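You will see two complexes here that share chain A, one where it goes with chain B and one where it goes with chain C.
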Partner chain A sequence: MIAVALAVAWRLVYKAFTLPSFLLPALLFPMIFFLGFAGALGRVAEVPGFRYGPGYEAFQFAFVLLQSAAMAGVFTGFNIAHDFERGFARRLLIAAPRRSGIVAGYVLATMARWAVNITIVFVVAMLVGMSIHGGPVDMFGLLVLGFTLNVVGALWAAGVAMRLRSAQAGPVMQLPIFLLIFLAPVFVPLDLLQGWIHAVATVNPFTHLLAAARSLLAGGTSDVALAFAIVVPLALVFAVWALTGLRRAEAAGG
Partner chain B sequence: MVEKADGARRNDIAVHGLAKQFRKGPRAVDGIDLYVAPGEIYGFLGPNGAGKSTTVHMLTTLLPPSAGTARVGGHDVAREGPRVRTIIGAALQEAALDPFLSGRNHLRLQGALHRLSRSERKRRGDELLERVGLTHAADRRVQTYSGGMKRRLDLALALVHHPAILFLDEPTTGLDPQSRNALWVEVARLAREEGVTIFLTTQYLEEADVLADRVGIIDRGRIVAEGTPAELKAEIGRPTLQVIPADPEERGRIADVLDRFGEPVAGAPGSLAIRLNRDADLTDVVRALDTEGVRVEHLELDAPSLDDVFLAKTGHRLEGQEAPEPVAG
Partner chain C sequence: MSVAAQIGHLGSRAFLRSLRQPGALFFSLGFPLVFLAVVASGLDRASDLPGFPDDSFLDFMMVVPFVHGSLFTAINSAVELGRDIETGFLNRLALTPARGIALMLGNLAGAVALALVQFSIYFAGAAVAGAEFEAGLLGVPVLFALAAMIAVAFGAVGMAIALRTGSSDGVQGMFPLFFVTLFLSSMNMPRDLVEADWFRWVATVNPVSYLIEGLRSLAISGWDPQALALGFGFAVTVIAASVTVATLAFRDRLTRT
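Entry: the complex of A and B
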């Protein structure tokens, strides 16, 4: 299974780093979000009630980190749907002795690509003056949170892509993640939101992930345990979702 | 290669009552039985939609059967899929290639999927690129390959891990005659020199005739005939005689003469054709036409072909025709 996973991952990583069209969209989105939001909305930090020590750049970086982690999974979902649509998945299904390695390979590739992307965004964030109050342990926790969400996104998208096996999977993969991400306190803290968006954001699990990421960047622990209590079970649930998607694809003959 | 307890290779295919019923769809394969001996080239012949590809998909573990059993290399395709996949190679109807990878990278990927070591992947990749004549294009992206090059790469990919059993699903469809002949030579070499068992689907009679040790004819999901090409033709036994009158107005008189020597069959446009009776002889027909005083422009005696076998077994011709009631596969 490991050999299959590494082979599948190698192909996607190789393409990502030899074909700019494969890497750039996944890199440009978080970069544009960070530079756009942190730059254009920087004065939000001066709004009464905005209390976040590290500053607005770090406030936005937490969002960009989680958003890119989740959406990187969706990009992999597009790859999977494309492989099924073009028949390449059949090659993998016939060659792979243990087919669960195919899912593992797609997830590994997602993690590798996100690792590179978020490293670049992080370097840019530091260059534009982002301040971090958390220590190495906090940063490690932030990375683990990001990678776990990255895996959740990849498994969710894999399950959808393997069920639909066509480009039609795109909106189905994207929309729920998009809604969860943007119905959270992205631009201002939860306390400053009002009306229906506050009510929705309060019950949105992504709000807690965002709060945990911001807390870790600020050197705190608020919402961190809750965030892991959300993403770890989700990873397990979506692992089952992805593997049952693989079984559906097998039953359909690829 | 798969080894039996006594050390002999176990690379046969045994199929009993194999069927595939698609949900809300047709019964694409309807209870077929077949056996392919080790090292044999088995030609699976039938029109589009007859059930050839569906059968291959079941035997290569891509599709679960609805009923029946199939053992490939001694392993049950439904229960021992991982074991089956380690001993088979497959080149399916549409070469499933990544347009953005080079030929060499495809071979590297395929070798990695089959757990070949890094050095073995490189050695085997170079060897296969050479064998299928793609060394010069090895580092080009597949999107720049012609259809023939893609087919050859697909065959090389199927051979990376020295499979004991090879499935080729219409491997020469769309190929030019030169590429087709080269592929035939390689397929025959694999069976004769390396002892690879080959299950080959085709809708080309010539391909089955030239390559296959034995042929199974499938129509509407059922095997309607099976045997060596020679045995199948011998079953039909009688040659076809085609006559083109020199004067179209003499068609009727020529038809009357021919009727005495055999039953009318479809012939080329403008011709009259009969399948000769067992006791009829070409010289008798020529004498009778001469006695009748009719002149012929063209007279041709055709030995029975697999198409004649197909016609006799199914009631319709194979070449250039789709199955009358297409089914998936």
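Entry: the complex of A and C
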């Protein structure tokens, strides 16, 4: 299984870093969101009631870190769907002695891609003046939270891609994650939101993940336990979702 | 068959082909509206900032879906052109008496027709959400005309990329670069309220800022001749430049064929 996982992961990582059509979207989207939001909206921190010690760059970096972690999984889902459309997945299913290794390989590749991408965004964020109040332990916690969400995103998208086996499945993978991410306090803290979006953000689990990431960047621990209590079970649920998706693909003959 | 008829046939083919892809269509229709809803609500308090040009962030953002929709439609159209090149459709078409200009404009015409349908939905969506449109009834056709020109401009850029790369993957790979121009513009905040100097500079030299500000002026100021002149001027400039590049790429591709 490990050999299968490593082979699948290597193939995807190789493609991801050698083909611009794979490399650019996954790297540029978090970069665009960070620069676009942190750069343009810095004055939002002057809105009465906005209180966040590290500043608006860090406030947005927490969002971008989690957004890119989740969406990296969706990009992997696109790759899986393409593999099925072009017949490669069928050959992969025939060749792999332990097929669960295929899912593991896609997840490993997603983690590797995200690690590189978020490192680059982090460097850019520091260059434009992001300030971090958290220590090494907080940063480690933030990374673990990001990687866990990254795995959740990859398993979700893998499950969808293996069930639908078409690039037309893109919106099905993308939209729920997009909605969860953006129906959270992206631009201002929860208590500054008004109307319907405040009501939705209050019950949106992603709000707690975002609060935890912002808290860790500020050197706090608020919402951190709750965030892990949300993402770890989600990872387990979506592992089952992805593996049953694999079984569906096997039954359909790839 | 006249050139206009050729454009009509190829345009309707492009239009119908887009309708047959519900995934892409849903995204180009749904994403701009969801983005409007989320950003306008999430940043509502930003309209309290001193110097903000309107008392509602929804009014300020209501034209952004027009730009998003133009962009997505252009991308989808360019991807389809890339696919036509990959599958040899363009080569087969080039063997027919169809004129080169018809092959290029047909694709664009289909994209713009689809964009116009989307614009109507975006406008209705913003109105239902409570957005106010300062330019009144007469401003609506001007809004649609400028937005259509923006769709042509983006479409022509996409066409140039598709003809240069000759593949749908190549076009998709360039997709985030289009987004860079959107997000590094005055899309989310007026330029004079941007705090970061580097961002204000980038937004000022980015032509997309003027396209958005031209559309936005109709929504929040009524009739602003300078903003409209800049919007239409930049749209025409981008169209002229990208059509020139696309024409050269088209000739080059047919020569290689």
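FYI, the second predicted complex is superposed on the first by the 254 of 254 C-alpha atoms of A that agree within 3 Å, B and C clash if a C-alpha of one lies under 4 Å from a C-alpha of the other, contacts with A are read in each partner's own complex, and residues count from 1 in each chain.
Definition applied: a residue touches a chain if its C-beta (ideal position, glycine included) is under 8 Å from a C-beta of that chain, and two chains touch if they have at least 3 such contacts.
Small disclaimer: the values here were computed from a predicted structure and weren't measured.
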Check your understanding: Do chain B and chain C fit side by side on chain A after the overlay, or clash?
Key -> fit
Check your understanding: Which partner does A:233 reach: the first (chain B), the second (chain C), both, or neither?
Key -> neither
**Study point:** First, second, both or neither for A:19, with chain B first and chain C second
**Key:** both
Exercise for review: With the two complexes superposed on chain A, say which partner A:53 touches: chain B (first), chain C (second), both, or neither.
Suggested key: neither
Exercise for review: Based on the superposed arrangement, let me know which partner A:186 touches: chain B (first), chain C (second), both, or neither?
Suggested key: second
Study note, to complete from the structure: In this superposition, the partner of chain A with more touched residues, chain B or chain C, is C
Exercise for review: Give one of first, second, both or neither to describe whether A:135 is in contact with chain B, with chain C, with both, or with none.
Suggested key: neither
Practice item. Please indicate which partner A:87 is in contact with in the superposed arrangement: first for chain B, second for chain C, both, or neither. Key: first
Check your understanding: Is A:32 in contact with chain B, with chain C, with both, or with neither (first, second, both, neither)?
Key -> second
Review point. After lining up the shared chain so the two structures overlap, which partner does A:176 touch, if you call chain B first and chain C second: first, second, both or neither?
Key: neither
Study note, to complete from the structure: Min C-alpha distance chain B to chain C after superposition on A, in Å, is 11
Check your understanding: Which parts of chain A are touched by chain B and by chain C alike?
Key -> 19
Exercise for review: Please name which positions on chain B make contact with chain A in the complex.
Suggested key: 57, 60-64, 82-83, 85-86, 88, 90, 92, 94, 96-98, 100-101, 105, 109-110, 112-115, 157
Revision key, fill the gap. The chain A residues in contact with chain B across the complex are 3-4, 6-8, 10-11, 14-15, 19, 86-98, 250-251, 253-254
Practice item. Mind listing the chain C positions that touch chain A in their complex? Key: 21-23, 26-27, 30-31, 34-35, 38-39, 41-46, 48-49, 169-170, 172-177, 179-180, 182-184, 186-189, 193-196, 198-199, 202-203
Check your understanding: Touching chain C in the complex: which residues of chain A?
Key -> 19-25, 27-29, 32-33, 35-44, 46-48, 128, 167-171, 174-175, 178-179, 182-183, 185-188, 192-197
